[in-house]
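Notes follow once the structure below has been shown.
Which chain is which? They are A, B, C and D, in the order written, and residues in each are numbered from 1.
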Amino acid sequence: MRQVRIHGRGGQGVVTAAEMLARAGFLAGHEAQAIPSFGSERTGAPVVAYCRFADGPLRTREPVLAPDVVLVTDPTLLGPVRPFEGLAPGGLVIVNTTTDAPTVRDAAGARDVDATVITVPATTITMTHLGKPKPAAAMLAAYAAAAEDITLDAVVQVFDARFPGAIGAANAAAAREAYSYVKAELAGPTHGLVAATGKEASDA
Amino acid sequence: MREVLEGSQAVARTVARCRPGVVCAYPISPQTHIVEALSVMARTGELADCEYVNVESEFSAMSVAIGASAAGSRAYTATASQGLLYMSEAVFNAAGMGLPIVMTVANRAIGAPINIWNDHSDAMALRDSGWLQLYAADNQEAADLHVTAFAIAEELEIPAMVCMDGFVLTHATDVLELPTQEQIDAFLPGYEPKQVLDVLHPTTIGTMAGPESFTETKYLQHLRFLDAADVIQRWSDRFHDTFGREAGGLVARYDAHTFDRDREAPGANAEDIVVVAMGSVLGTLQAALPELRAEGIPVRLLGVSSFRPFPGGALRDALGDSRHVVVIDRALELGSGGVLTGCVGRALAGTRSRIHSVVAGLGGRPILEESLRDVIRRAHSRDLPTLEFMDLKAGGIPRPPVGATEVAR
Amino acid sequence: MTTVHIPFLQTGTLAVGGRLLEDEERSVQSQADRPSSLTKGHRACQGCAEALAARWVMDTAVEAADDKLIVANATGCLEVFSTLYPESAWKPPWIHSVFANAAAVATGIAASLHAQGRDDIRVLAQGGDGGTVDIGLAAVSGMFERNDDVLYVCYDNQGYMNTGVQRSSATPTSARTATTPAVGCQPGAPVGQGKSMPKIAMAHEIPYVATATVADLRDLEHKVRTAMSIHGARYLHVLVPCPLGWGASSAESIRLSRAAVQSGIFPVIESRAGELTDVQPIRQRMDVEEYLRPQARFAHLFKPGGEDALDRWRAMAERNIRHYDLLGERS
Amino acid sequence: MTGHDAPPTHGLSTGPATSLAYHTGTWRTERPVYVELSPPCSLACPSGEDIRGWLGSTQEGAPGFEAAWRRLVSANPFPAVMGRICYHPCQASCNRGELDEEVGINAVERFLGDTALAEGWELPAPTTETGRRVLVVGSGPAGLSAAYQLRMLGHSVLVREAAGEPGGMMRYGIPAYRLPREVLAQEISRIERTGVVIECEAPVTDLDAAQREFDAVVLTMGAGVAHHVDIPAGAASKIVDAIDVLRDVASGRPPLVGRRVAVYGGGNTAMDAARTARRLGAQDAVVVYRRTQEQMPAHPTELQDAIGEGVRVQWLSTISQVEGQTLTIERMELDEEGRPHGTGEFEELDADTVMLAVGQDADLTLLENVPDIHVSDGVVQVDPTTLMTGRDGVFAAGDVSPGSRTATYAIGRGARAAKAVDAYLAARVIPAEPAPREATYDRMTSWYYSDAPKQHRGELEAARRVTGFEEVLTGLDAEHAVFEARRCMSCGSCFECDNCFGMCPDDAIRKLGPGMRYEIDYDYCKGCGICAEECPCGAIDMIPEVK
């Protein structure tokens, strides 16, 4: 079973991201589950959502306490919401930011956590294509680039299904760019965008 | 076709395929997504030959449903929490008049303090309203239950609530397989009201009953509730036979080892601790309990699918020889214990059973697998009191920091 | 608003019928084979104007609907006195649910009929002032704003009579009720409270709003017929004296209604889409005393100290007369 | 089900109209009862006409006219005549006068009378022949009324009239401008066509002989002899009796009266005389009357009509002397009891002719040698119920007997005499009539009656009137007559307005169909009293239930 936690702010499409992630996971052949955690908060308030993939039935309704993957759609949340908490050893953290992984770790107080940290300027990319700060597709594409759970095609497909037409196409374009961005950075670690612990560095 | 769907979407689509004549909508979290989805289908034509009425309150939602049902339509609405209480007068009334309305209750706590998150105190408050209350353990069952709910309600002329945990189910996205329109058309008989406001055969519905007839009225209502258990089981069986999966019934039995749902699972043994629960926590229990089995704790799981009528007989059958019961309860009878526990206790009266009431998940507090395992372990070690508040924080309610008020500054 | 043109006869349009009338000029109530939708054997008090108005309204509606009428009734006197199991005094299909929801139940019936393709069957909802103006207002307002195809009829007896004569927001100023006793410096129902349901209905700009009384059958039948000729939300507000609650003789129900209209206290109006379209002029001007004095609930107005209240009543009548041009001075 | 009976539907639904099982009539402490009361018009009508009844038929329009006329002539065979000359006390007592203006009963009566003449409607033929013979002495309104009613009862009737034409005062006392002769002649000949035989110029002089010849005799000789007062008068003065002038004019021998005429008296004859004088060429006609307008016996309409034609009235005046063309008039004043007394103040008035109209006396020569018939105050005394004189089989009615001297009263008395004669011939006693209950205005709910002013009959322009004996008042046309009839409020008698039926909150009144009125269903009537309260004509009583 793979468990994902998504942090974001109200209005950034966090809940949509969780659902789209579950859909993409299903397309990838997994059982999937998305659990938004709701508050009565409004636009701008911190929001968290969860997603699980498995190859057998998913029964638990427990919130994800020990995520394998954490997506942070807003770098300003790194301090307040402690995104590395409960992260499974060797887990993956993908942060929407224009800074680099060490900055992220510093901001999150997670300099020494055993995790792979990937940064992607998802909002910047999305603004280019969609014109709105809704970076869900780009974030999921970054996830697809960094792990085997979902594919870029699946991400493009679920967004296109939900938002047929121009918006779906813009999301797809953003997804592709984010995907390429992360793939490129994963291929060439010199830019320091991927900051890993010692253990992680050997994995990479 | 298996697909990924939000629970509310799944319910809305299934309800639409049951071809209701009138759907009433009033927003309240966490039910809102259901009526939103239905409104879209009413506009797109997916919900055909149906009047979608945006009412001004839950009270009117139920009232419109009453009128629609009495006029011969299959009537549906959905609500939660304060909304259920706000409509409660009409809820009782619909049952008293024998109008087979189906209503989804997206279970949510009741204020004050106001709280939008899940527990069962809303439906429990109306447990004596004369409605059937069918509880869904997951979103697949939530969708499926609506099909049987219409069938059962209409056969019995008793309205039915389909209860699904708010947010936990309504807003969760799962991989589901919805009954198709063709399947439902074949399964669910058309609505043929036995009492209807008919201009050719006029009748007066909703008379006043004096002391000379009220007791008998209630007695007959009681008898019909007794009949309801068989009808619920029959439709559940039929659903199982038709669709190859479980939906509803009176109680849910689970395999002793895999904790997969299994209608053939034998009753519990004398040494077993049986966890009785209702709603989505059953899924979490399914996930949590195998570990205890591995530890050697003889634990079994039993779900209550029909809370009203309360299936005392089916519950006793499933408990088999076990006399040790832990009830996970998401509603509290103040000064007493869990509401479900009270019903279980009455069903087990005279069996000398040891019954623990574990009040858990009030107002949206997440129910964690580890917490559940903890209480079972303690029950096993005879360390669990008869009434336990799971994950109760020490020190009571968190207080605002001293001095953090405008006045103090 | 004598809208049926009838050649001069002894009693013209004021009486129920008349042997000299042509068939088509006859009121529904004058027909020997009228529907009598609310039939004998009901348990209304002697002289109950609500029972009378309900039969008038419903008979006309039944005729207008070609016998295809379904009725939703709020809790209240009308419901209690007509349907004590196992007896029902109603002939059309009729349902009572609870106090506050007659309008919503009617909406449900209308929605169901529409879904069934039975727009030929018409829906009427009715309740007292408590069930309409107070507890049922939200449902009524919702039915109005959605423009549901329902004729809502409020039988206004100006109080909670079923429960023993308590004040409602339709109780007029200085009226004595069980909850507004005639003691203190401002006896009876407080000054400056209460509301006008017809005006509230008009504010919804629904297709049709009208007021009527049991003092003018033809006017009432005309209004019901007009309302039934329209689809959408319609509202009819009928003043129905309550001998018990008003402390009047059971024989005076119609006379009091007449006095209410002729004194200017109860304007009889018609409105379409929020616009006032017709006003029944006063035929024989009466002083408010003719309306107030026979009612025990106003007895304190005629004792020392009641002068101010009486003046207020006169002022109310004057204001209505001016506002609605009840003496036809502007037309 | 679990082997228990369950109701057919849930929530205690029940069948429609099952409340019929509950009899709310047991709640009642008072019960409504339909009553038939006497309207003030009929009570005031000396002829005893069923005014409400014939107005009711008239209300139906043309199809009801004949029925209305037949109801009318059952009491009065002279509707065309009386529709012109009756002083209609019915109208003075009409309840509608309290609401707006009284119903123009008289005008409708005339309309019906004229319509009958135009249509040629005949009085009914008697259904039986008794073979009994009755003599009526005199052919005035009392005599012809008695003759007609006796004939209707199957008796054979002979009227003997001393004058050349039948009609009595109708012919000789009432000027043609009020009653065209043709109308009178037609209504008299219609009576004759029922079998009544009228012999003119046939004075009865021997009562005993008459009684031998007839089974009963009715005396209706009238009061056609002018009463005289003593006024000192010079030889050159021209003083005539007003009644003689009227008779001469009616007989086609109009006298010369001069340019200035004074009429002495205050009754209707005085008015007729003054108006006739105007028509005979008098430019100045002055009525001299010793009392006030309020006290004058002439009908107010007569006075108004006279004044409208230029007649002057000198109130509180007596003629104390006539010398040539000069009258000496004494001014009078009223004492505390309203009696006039001379003041000693005098004035003079010029008059070519003085007409005396100070009363008329009965011609009682026939009775001079009949001691058992008692005459007192100038009239024949009769039993007040049977109108029989002191002599067995001899009855008296009209002006010759006590009572009001109007044609209307005479017709009523004639009819009563006929009834009495019929009872006498059959040796029956006339049953006592129950005291009528009047439909008083306070019983009525006048709200329901349509607003409608009276339809005034057109009058000839005054200038045109005085030039001849053309009829002054024209009749109503059918439309207006129906309108006027419909102003009748049907006091005290259900006219099927449906108020009780429609306004019963308990649906406890049955409508029985046109003309059949209603029936109260006492099984359900709770006795609220709305029906009685809202009955426009006061035809429902609430009476206590006897427990």
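Just so we're on the same page, a contact is a pair of C-beta atoms (placed from the backbone, for glycine too) under 8 Å apart; a residue touches a chain by one contact, two chains touch by 3 or more.
Chain by chain, the UniProt names read as follows: A = 2-oxoacid:acceptor oxidoreductase family protein; B = Transketolase C-terminal domain-containing protein; C = Thiamine pyrophosphate-dependent enzyme; D = NAD(P)-binding protein.
Predicted model, so just to flag it, every value in this text is computed and none were measured.
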item: Higher-contact pair (C-beta pairs counted), A-B versus B-C; value: B-C
item: Per Cα centroids, the chain farthest from chain D (NAD(P)-binding protein); value: A
item: Length of the line joining the C-alpha centres of chain A and chain B, rounded to whole Å; value: 35
item: Rounded Å distance, chain B centre to chain C centre (Cα mean); value: 44
item: Inter-centroid spacing, chain D (NAD(P)-binding protein) versus chain B (mean Cα positions, whole Å); value: 91
item: Mean-CA-position distance for chain C and chain A (Å); value: 65
item: Sequence positions of chain B contacting 2 or more other chains; value: 97, 202-207, 209, 213
item: Shared-contact residues (touching 2 or more other chains) in chain C; value: 83, 85-88, 90-94
item: Residue list for chain D (NAD(P)-binding protein), restricted to those that touch at least two other chains; value: 12, 14-16, 18
item: Touching pairs among all chains present in the structure; value: A-B, B-C, B-D, C-D
item: Chain D (NAD(P)-binding protein) - residues contacting chain C, complex; value: 12, 14-24, 27, 59-60, 447-452, 483, 486-490, 495-499, 501-508, 510-515, 521, 523-524, 526-530, 532-534, 536, 542
item: Residue ranges of chain A touching chain B (in the complex, touch as defined); value: 15, 18-19, 22-23, 26, 31-38, 40, 58-63, 65
item: Partner chain B, residues of chain C touching it in the complex; value: 67-70, 72-73, 79-80, 83-88, 90-101, 103-116, 121, 138-139, 141-142, 145-146, 148
item: Chain B contact footprint on chain D (NAD(P)-binding protein) (complex, rising order); value: 1-2, 4, 6-7, 9-16, 18
item: For the chain B and chain A complex, residues of the former touching the latter; value: 2-4, 6, 29-30, 116-117, 138, 165, 167-169, 171-175, 280-281, 283-284, 286-288, 366-369
